[in-house]
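Take a look at these structures.
Consider the two complexes below, in which chain A is the common component and chain B and chain C are the respective partners.
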Partner chain A sequence: MVEILKKYRPALVLLLLFILIPITIGRTTDVHNVIIYILIYAMVGEAWNLISGFTGQTSFGHAAYFGIGAYTSTVLLEYYHITPWIGMLVGGVIAAALAFVVYFNMFKLKGHYFAIATLCVAEIMKTIFSKWTWVGAGDGIALTPITGLIPGVGKSAVAKLAWLSLDVRNRLPFLYTTLAMFVLVFIICAALENSRIGFYWKAIRESHEVAESIGINPRNYKLLAMCISAFIAAIGGTFFAQFFKYIDAITVFPMSVSMIFVLVTVLGGLGNVYGPIIGAVIYYSLDLIMRRLTGGSGSGLDQIVFGALIVLVTCTEPRGIMGIVERIQEKLHGKKKGGEA
Partner chain B sequence: MIGQVIINGLLNGFVYALVAVGLTLTWGVMDIINFAHGEFLLWGMYGAFWIWALVGLDPLISLPIVVVLIFGLGVLTYLIVIRRVLNAQGLTALLATFGLSMVLKNLTQFFWTANYKNVTTPLVGSKSIKIAGLFIRQDYLVAAVGALLLTFAVMVFIDKTKTGVAIKATSMNKAAAQLMGIDTGKIFAITFGLSGACVGAAASLMASFTPIYPEACALYSTLAFVIVALGGFGNIKGALYAGVLIGIVESVGGYLIGTSFKYLVVFLIYLVVIQIRPRGLFGW
Partner chain C sequence: MAELLKIEHITKKFGNLVANEDVSFSVGENEIVSLIGPNGAGKTTLFNSIAGYYPPTEGKVYFQGQDITGKPAYDICKMGITRTFQVVKTLKEMTVEENVMTGAFLHTGSRRQAKKDAEGILEMTGLLDKRNVKGGSLTIIDKKRVEIARAMATRPKLLMLDECMAGLNQTEIKDVMNLCVKLKEEGLSLLIVEHIMEAIMPISDRIVVLNAGKKIAEGLPEEIVNNEEVIRAYLGDRYNAESKKS
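Entry: the complex of A and B
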């Protein structure tokens, strides 16, 4: 136990910061929003990292699962009054099932051919959901506040229902709920990384042929990674829908959303369990700072500076922010750790 | 009617092909996914627009100028950014081009706002001519023929010139090419420039009939990714055929099951074809 705590000391420090910042130095709605976005995108980033970071199969289409999660829980809540806690699991199962069916025969594709296939799947989802009248077609679905959803319930009952329905009346409880879910996802991903499955995944990433020759069936393990990844991404989608309170196909399914998951993870450190959260923190804190400095994003100046920063980071440290962190660690520890890197 | 639909798709397809040829060059030769490719196209369009607005030269006439400008943009991109991430692991290069695309796209918004810009007095108008019972818009026809000619020009350049052969050699085996005395750094710079030149030309051809705004090229770049993969990475002929195929599929699909579903058919086609040909239609 102590060993594990020691190993994940940085994670505990991060967790402490996430618990304390919202109630100390960051007590504004603005900061709370940013933290919630960080947690949601980092959650899906962790999911993306399983298939693309650990298993080495680049996906440009995780918005497909993200969107399915968002739509499933929303439809269940709005049309059938089923709590998103169940909705997110149903969404996860549907997303995983979709991944299973679509990618069952797709892992024979190598490299970019696979990446483009994932992009196509997400684009197909976007088209279907933007024309499907049952889910609001082009208008999307706006989530009704919980009081309006079930008429005639008392105030105290609403408070309970709010928890049950993940309704964001008060941002802080929602933030901590999202944080708890992220911690769970982080633990699952860290456990998977160090499990037998995780080693198989990495073996496949390093060499398909070698993995095969020692008796691993790459297709099955890639499929497993994709399905787990889809499940987690869908849960992230549910949290997004509950937070954003409005979804349509253009908000949850486009390529730009898929790219956010890629971006935060690669920025933080690909194939590193800390990558997505570090990347998301940096991405969205910078985003917030830029917006404050340049006063809104109307001119696009914030995006210009931001894009330039991404280019700068990639040009100076190809391993992402975690690469920079490792470099600093090496310097601090002197030559003791130098050999390992 | 179906003939009319096919000819419209065909005309579109040639322009798609030229954009895709540019993308497949960098992708095939350097194994770099250039997410800023669409933004090169965008800058080409703005270039054509401003030359028209300020000097009064029609986009079709200023084509060589725009081609040279975007060629320069490509070379600069390589020298400043791509060169440094070329040998980095994983998706670092992708991230760099993504950052670059953010910069390039938002610069257009910063300078020229998000409003639509149109070339209001194009040299070739939108009137249709009638050939064998089919109505063909003149400006589309000029763009398609121009795109086809330029695609052939790129092919001839790659196949017949010394630089072209060096590009081919580098794409097949970088180390061997270096041993043969090819300066691969220079070849990469030229390839990136050539890739830019292709979209610069495509931009000039489209500028007279396409509204120009920061998001104008998002669709073209997504389609270009699919076309490049469908044709086989690095395969110029593949990109041409796949571009035409996608153009026709888009048009016919839109006609048969509704315009709002036309891209659904395009993406489905890729998923189906790739099952049978896992390395693209013309991949080996």
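Entry: the complex of A and C
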């Protein structure tokens, strides 16, 4: 236990910052919004990292699962008055089931072909949902405030808390709920990385032949990675819908959304549990700073700076910022320990 | 001696090229069989057919009496056959210990147990002091050690080594030889593809010679070195030259 805490010390420091900043130096709605964004995209980034970072199967279509999560919980809440706490689980199961069906045979595809296939899946979802009248077609769905939706919801204190914590108008509780969910996702991903499954994923990433030679069925483990990944991405989608209070196909299914998950993770560190959160923090801090510098308008300057940063980081260190950090650590360690190793 | 592996009339064609033609032999329990032959004789191809990387065009592979022809490699590994690769395939982003642990996970879901299993194998293969080094930054010799260690970690009944001594110096070859003998003492069977005759002659129970895809001889090491056809096809210059050198 102590060993684990020691190993994940940076995570604890990060967690402390995420807890303290919203109630100290960042007590504005603007900062709270940015932090919520960071947490949601980092959460889906963690999901993407499982299949693409650890297992090495590049997905350019994680918006598909993100969107399914957003739509499922929203439809359940709006049409059937079911809490998003349940909605996110249902969305997760649907997303995982879709991933299973789609990729059951598609993992025969290698490299670029697989990546293109994932992209197509998301595009198909986008088209379906923008034409499907039951889910609002092109107009999308706007979320009614929960208190207005179900009059009796505030009866028991527990029920109230459960509802309210996922109602973004209570911004700070929503932020902390999102943080708690991110922490859970982070722990799950870290635990997976350190388990047999994580070892097998990495072996598959590095060589299918080696994997097979030591008794690993690559298809099954890729499928497992994809399903878990889709489940988590869908939960991120629910949080996004609850946060944004409005969804349509163009907002949750486009390639630009898929690319955010890719970019934050690649920037932060591909195949590293810290990657998505570090990448998301940098992406959105940059966004915030640029907006303040340019006086609020989306000037596109942040995009240019971010693009340049991605190019710079990936060219010098393919393992992203965490890769650079590890390299520095190894150097320091090597100097300190000398010939001990 | 009970038969562990038995291959019958294996033929493998790549288009017009016949890489293996009607090859049959067997490996007994607790036996070291070496497969020798000049480059391009079809040794690696035969390994691939046995280990399930592709099905042979014709012929059958039996393991412990069971027909395993055409079964996928991961299933064959689970049954007890593990192979190494001639072109070493170290898991580069993983440490030496993690490489070996990945193999050990075949028999345990527990990380601690896998670590413990790996430790014993790292010690046996002389890798203990490099356990935390990334696979990608190892020297070729250590990569070969990792290759063997990872395969050993799956605790196979039959270990197939594809030219794992090539490129090693005398002491290192001695290490691998000792390791092979030790593994045999532990009850394993080995099928070894090797070019270095001095290394395999003393440790092999039997030798099978391939030439141009066909089996041209099979027998005890001393029979093979005196076999006319083998000398003509393969040993001739090589064995004489190398024995003069040493």
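Just so we're on the same page, the second predicted complex is superposed on the first by the 307 of 341 C-alpha atoms of A that agree within 3 Å, B and C clash if a C-alpha of one lies under 4 Å from a C-alpha of the other, contacts with A are read in each partner's own complex, and residues count from 1 in each chain.
Convention: a residue touches a chain if its C-beta (ideal position, glycine included) is under 8 Å from a C-beta of that chain, and two chains touch if they have at least 3 such contacts.
This is a predicted model, so every value here is computed, not measured.
Enquirer: Given the touch rule stated above, what does A:Val311 touch, chain B (first), chain C (second), both, or neither?
Expert: first
Enquirer: Classify the contacts of A:Gly271 with the two partner chains as first (chain B alone), second (chain C alone), both, or neither.
Expert: Both partners, chain B and chain C.
Enquirer: Does chain B (first) or chain C (second) touch A:Gly300, or do both, or does neither?
Expert: first
Enquirer: Looking at A:Lys202, would you say it contacts chain B, chain C, both, or neither? Reply first, second, both or neither.
Expert: second
Enquirer: After superposition on the shared chain, which partner residues are touched by A:Val262: those of chain B (first), chain C (second), both, or neither?
Expert: A:Val262 sits against chain B, while chain C stays out of touch.
Enquirer: With both complexes superposed on chain A, which partner does A:Asn194 reach: first (chain B), second (chain C), both or neither?
Expert: second
Enquirer: Looking at A:Thr28 after the superposition, I want to know if it touches chain B, chain C, both of them or none. Which is it: first, second, both, neither?
Expert: It touches nothing on chain B or chain C.
Enquirer: Name the chain, either chain B or chain C, that contacts more residues of chain A.
Expert: With both complexes superposed on chain A, more residues of chain A are touched by B.
Enquirer: Taking the superposition on A as described, I'd like to know which of chain B and chain C A:Leu119 touches: first, second, both or neither.
Expert: In the superposed model, A:Leu119 contacts chain B only, not chain C.
Enquirer: Which chain A residues contact chain B in one complex and chain C in the other?
Expert: 271
Enquirer: Where on chain C does chain A make contact in their complex?
Expert: Residue positions touching the partner: 51-53, 72-75, 77-78, 82-85, 89, 91-94, 98, 101-103, 105-106, 108-109, 111, 114, 129, 132-133, 150-151, 153-154.
Enquirer: Which stretch or stretches of chain A touch chain C in the complex?
Expert: 194-196, 199-200, 202-203, 205-207, 209-218, 271, 341
Enquirer: Touching chain B in the complex: which residues of chain A?
Expert: Checking each residue of chain A against chain B gives 52, 58, 105-106, 108-110, 112-113, 115-117, 119-121, 123-124, 127-128, 130-131, 255, 259, 262-263, 266-267, 270-271, 299-301, 303-304, 306-311, 314-315, 318-320.
Enquirer: Applying the document's contact rule, which stretches of chain B touch chain A when the two form their complex?
Expert: Residues 27, 33, 81, 84-85, 88-96, 98-107, 109-110, 214, 222, 225-226, 228-229, 233, 260-261, 263-264, 267-268, 270-271, 274-275, 278-280.
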